[in-house]
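Below you'll find the structure, written out as structure tokens, and then a few comments.
Read from first to last, the chains carry the letters A, B, C and D; within each, the first residue is number 1.
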Amino acid sequence: MRELLNLADYRAAARGRLPASVFAYISGGSGNELAMRDNAAVLARMAIVPRALIDCRHGHTRVDLLGQTFASPLLLAPVAAQGLVHAEGELATARGGGALDVPMVLSCMASQPMETVLAEHGGSCWLQVYWQGSRARTLEVVRRAEAAGFAALVLTVDTPVNGLRLRELRAGFAMPADAAAVNLPAHAARALDVPAGGSRIFQGVMRSAPTWDDVAWLRQQTRLPLVLKGLLAVQDVLRAAALGADGVVLSNHGGRALERAPAPIRMLAAARAAVGDVLPLLIDGGFTTGAQVFMALALGARAVLIGRPQVYALAVAGDAGVARMLRILRDELELTMALAGCATLADITADSLLSLASAGMDA
Amino acid sequence: MRELLNLADYRAAARGRLPASVFAYISGGSGNELAMRDNAAVLARMAIVPRALIDCRHGHTRVDLLGQTFASPLLLAPVAAQGLVHAEGELATARGGGALDVPMVLSCMASQPMETVLAEHGGSCWLQVYWQGSRARTLEVVRRAEAAGFAALVLTVDTPVNGLRLRELRAGFAMPADAAAVNLPAHAARALDVPAGGSRIFQGVMRSAPTWDDVAWLRQQTRLPLVLKGLLAVQDVLRAAALGADGVVLSNHGGRALERAPAPIRMLAAARAAVGDVLPLLIDGGFTTGAQVFMALALGARAVLIGRPQVYALAVAGDAGVARMLRILRDELELTMALAGCATLADITADSLLSLASAGMDA
Amino acid sequence: MRELLNLADYRAAARGRLPASVFAYISGGSGNELAMRDNAAVLARMAIVPRALIDCRHGHTRVDLLGQTFASPLLLAPVAAQGLVHAEGELATARGGGALDVPMVLSCMASQPMETVLAEHGGSCWLQVYWQGSRARTLEVVRRAEAAGFAALVLTVDTPVNGLRLRELRAGFAMPADAAAVNLPAHAARALDVPAGGSRIFQGVMRSAPTWDDVAWLRQQTRLPLVLKGLLAVQDVLRAAALGADGVVLSNHGGRALERAPAPIRMLAAARAAVGDVLPLLIDGGFTTGAQVFMALALGARAVLIGRPQVYALAVAGDAGVARMLRILRDELELTMALAGCATLADITADSLLSLASAGMDA
Amino acid sequence: MRELLNLADYRAAARGRLPASVFAYISGGSGNELAMRDNAAVLARMAIVPRALIDCRHGHTRVDLLGQTFASPLLLAPVAAQGLVHAEGELATARGGGALDVPMVLSCMASQPMETVLAEHGGSCWLQVYWQGSRARTLEVVRRAEAAGFAALVLTVDTPVNGLRLRELRAGFAMPADAAAVNLPAHAARALDVPAGGSRIFQGVMRSAPTWDDVAWLRQQTRLPLVLKGLLAVQDVLRAAALGADGVVLSNHGGRALERAPAPIRMLAAARAAVGDVLPLLIDGGFTTGAQVFMALALGARAVLIGRPQVYALAVAGDAGVARMLRILRDELELTMALAGCATLADITADSLLSLASAGMDA
């Protein structure tokens, strides 16, 4: 096997190793995959201006996040059903993240018990939660996370309805029973009984979707830090801040929710300007290099969540693969920082960026 | 046969099933097909910003159009000679539309009698009319439509001269006799006798083209709502409004008329701003997904006409195909609305759109 | 042979029929062909907004040019050595142009005597002149053109040095003896003796290049209208006007001179604005459809010169080919005018144009 | 072998002749090669507006640089280890440069003794220096260069850490012993011992990287002109000027350092505006034609360094190849100047440039 030098290599290796339908499930986006492609396209259109001769010998990549300090501005994004690609699933991923001091945001759709995952990680993990159709059922999951010792809750709000993921449909993907979500109460299957003449979406699925009122209620129910994941509109970010959220993840769900959602990084600078410096903004969506992580930080992100590459690395080499993937990203980030003259994350600002579409000779 | 999951699938399936020359006739545009390509290109360059946590459980897609209410902001665009692709032609299309409460704008070049088509549809249909070379002959068609019970007239004004459709010419397409226009008086063939030294176009075909005076005259002849189809310039839309038109379809005739006409959606916001909220603006031209329909509504369209996909669906599966194709579009629209936080069409505004060419990091 | 429906068809047919080296000579540009590609690229990026319901029955394409009226705003551009592709060379081209009332701008590098070409055309022709290294030798050619009855002189000023045309070099093209320039005095070969240490270009070729002083002198020597061909900079167009030129051809020599010259149509509107309405601006460079001709007229050109397509048509079908090619262009122009609501050339303005790069949704 | 007509031909010929791993080493960039591609992409997006009828018979391409006059605004960029591609390595390159009066900026990583290279060149050479980990070790190299008679020092500051050059890694490239750097003291290998818990980059490599203080110190140590190579940010260029540098080379190291560094030519006009006319700005990065050199001069560069093409020409034809490659570039520059109406370098200004992205019809 050729040496795995960057995250694209992990993707290629995973593709060669996973059943086509599983790879389609992981790698695909919704509809015509416009959101997914925008994630990559936007990241390609920015340059980083190097700065020379700056003393970086005391440099590091440490970051403060929800009151804790981590080795790097990276998190493992919540990805469901990791039993699909590796026998140990989330347990192995957790060990890989723990080894690099990278917090894992465990999906509530995990195929391993949340308590065990947390133990395997050994450090700080957050629990991602989908609304469970009612306040009571949602609270059940929250209480279990509190009891287990998760350090924060991440409520995903961008998929009250699932996008239509054609790639996996055409590949005939079906979730196998042994990758099922073991942490959710059995009654949580979404209600789909639709009144006559009603819409399957509006009067069906959306009946069990959460609203801002539900989030305000949830905010009152727990003392854990609460992060909202899947906002993009600046107004939504402002509302999250006003409601007392401890963080926001700008995300288009890796291009798997709204087919034409813009890349989150398009919205980052405006969101940062709107909410000021206090609320941590995190981001995900197509990040595969340390230089891209640098760009997100420069535009105002506190940290970056890594989704699909986590699964590719897990598929290729288990816990060691996840750790190595995270190490590559961090090395690339350090290299970028050193060449851009940034010794710490605080030194990374938008002054380092240059839009290739509008700058220089095109001005 | 692979499952038909979106409108692109219907196109592919129709391509595999129709004679190459017939597919060329349907799918082609005029000249070098720049207008047709612009339709697709522009639609690709816009994002929709999702909004989270909005209560959509009372959502619907109903629309008011010329005094009637329909289930969705979709219409079947006028497409000539559907006998070409299906034995029942427009009869089957009408049943498909009727099943989904989608009005059919029947082409005056239909291969089935207009009265029968209307009966098969069972709901509201509009009749599309080409100018028949003289006021008297045009009035004959109008009177028949009134008698039959059509709910509106749609006068197409963008093709006084036909574009040169190279694709069908090169494929050797010829309209078969049994797809002939059965609803037009035999005398309506266009005059082509050109005075010596005259131009075949200016002194030939254009002699039987309508003018604004003819439209003003027609407006006085009928109490049916009158819609002008094929305007793009804002001045023309304003003139249609001043003249008493009940609606306008922004259209470049699917890229089959002026080779370099812009995509109608480029003109939509300016036209909406110019005429205000009263005059309904409809649109067609390359729409193949519900998200694209959403974008047109966001820019000011009241509804979207679906042309070529109608014929592809008819070719693939007759009335059931047409109904299924319309259902897919409406489902995609509902999904887009739910994820964009729009419970009704009135909630869809330009605030939801983001031009990928100019926004975010490129600004 | 497949039917020739547009100018691209003539190109393809000529390519199939000519020796590869001859086709390379005709079709190639200089250097990396950036100027040639820009000609095509810019023309692709503009839309024409249709106007409906305008009375065009008295329409025509007639144009006044240097005191004469022609059937259409088209001219045959000067192209050297047409004996290369057809036994009769320029004689056949002239007959084709004459049949459509299209003036021929005969190249001074023609392979047929200028007097015979003029007779075969039967109408108005202009003679293109290269500076012949000295005033006296240049005047010889001018006097012969006056005596022969040419209606105007076109002095080409964009190639004091030839561009490096790699395509023909790689194809091993060499000009055969029987395509030689029969209208030039034998002594006109350019001086290439370079002083020691001097540059082959600056102290060699450029020693026999004309200057503005030479043009001012030439302006005094003849009463024929004088047109300068090959200007692009607005300042140069203004200087030509001040000096008494009767017209200017904006041109990058079909992309065969300066490798990176912009497409002339990029400079047209600014040049028109600078010199006002009096001085006729003509243009060439990549025009292959009537809609493109329409765009040039809309931006301020009085007429368009057709270069390479002339040679392709000549190669494919001699005089009839040239006439047919010109007829196609004129028909396409008339079709465009009718659909854009322009009955005469005077009705064609920039209001009809829409830049696809900056308009509509991208604004 | 097909005739070598331009620098792209030399690249193709070298590719056919060198081992794949060596070609990968020379031709590759760092990471995903975004910086390297930007170099080419930006150069493609500018046009040069020709000027006609200007007297150029006294034209030349001479340039003053650090107090000396050279035949053309070209320099041979520092390229390490030329023994890789030719038995004589830098000796042959030097002869080729000397023959065209083109200064060689000899890499301190050369595989031939600097004194011999200088002698083979016969004219003016500059020595490129990497910081040698300490002031004392760096000074050793500087003193040897002074003693040898180099005319200037060029300190490269853009690669305190090497970029990850995937292409050569994947091709299995390893530097052979006989291409080793013969001019550097053996002790100069970079320190890589990293304290426990430290970063290989920040606490490892960056410990031996130079800072602005080191450059200020170096400025005091030598009377040779000092040029800083590898700046891009305007602030860095200003600081270099303030510190007494005699010149700056805007460079992204041919795309081999920071993966996403912008093309230097994007920064040129701003840097020139910031520092005024006194400090000479040189540039490199993807220049392969004389017209591109013209563009850099128009935007404010005094001269252009030629890197990879130098090695390709050396590989293909030794000293004669290098000389021929430089001659082609100069001929192309002269041709461009003549057609753009610029008799000397002083006549080349930004007035000649037109951005293809923003000008003309797109405005």
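One rule holds in what follows: a residue touches a chain if its C-beta (ideal position, glycine included) is under 8 Å from a C-beta of that chain, and two chains touch if they have at least 3 such contacts.
What you see is a predicted model, and the numbers here were worked out from it, not measured in a lab.
Enquirer: For chain C and chain D, which third chains touch each of them?
Expert: none
Enquirer: Trace the shortest sequence of touching chains from chain B to chain D and report its length in steps.
Expert: Minimum number of steps from chain B to chain D: 2.
Enquirer: Average the CA atoms of each chain to get its centre, and name the chain whose centre is farthest from that of chain B.
Expert: If we average the C-alpha coordinates per chain, D ends up farthest from chain B.
Enquirer: Look at both sides of the chain A and chain B contact and report whether the same residue positions are involved, with over half shared, or different ones.
Expert: different
Enquirer: When the Cα trace of chain B is superposed on that of chain C, what is the rotation angle, expressed as a multiple of 5 degrees?
Expert: Fitting chain B to chain C on C-alpha atoms yields 90 degrees.
Enquirer: With chain centres taken as the means of their Cα atoms, state the distance from chain A to chain D in Å.
Expert: Centre separation, chain A to chain D: 42 Å.
Enquirer: Report the inter-centroid distance (CA atoms only) between chain A and chain C in whole Å.
Expert: Going by mean C-alpha positions, chain A sits 59 Å from chain C.
Enquirer: Would you mind listing the residues of chain D that make contact with two or more other chains?
Expert: 46
Enquirer: Which pairs of chains touch each other in this structure?
Expert: Inter-chain contacts occur between A-B, A-D, B-C, C-D.
Enquirer: Would you mind writing out the residues of chain A in touch with chain B in their complex?
Expert: 31-32, 34-35, 38, 42, 45-46, 157-161, 163-164, 166, 169-170, 199-203, 205-207, 209-212, 214-215, 228, 230-233, 235-236, 252, 257-263, 265-267, 269-270, 299, 353, 355, 357-358
Enquirer: Which residues of chain D touch chain C once you look at their complex with the stated criterion?
Expert: Going through chain D, the ones touching chain C are 2-3, 5-6, 8, 44, 46-61, 289, 291, 295, 331-332, 334-336, 338-340, 343, 354, 356, 359-363.
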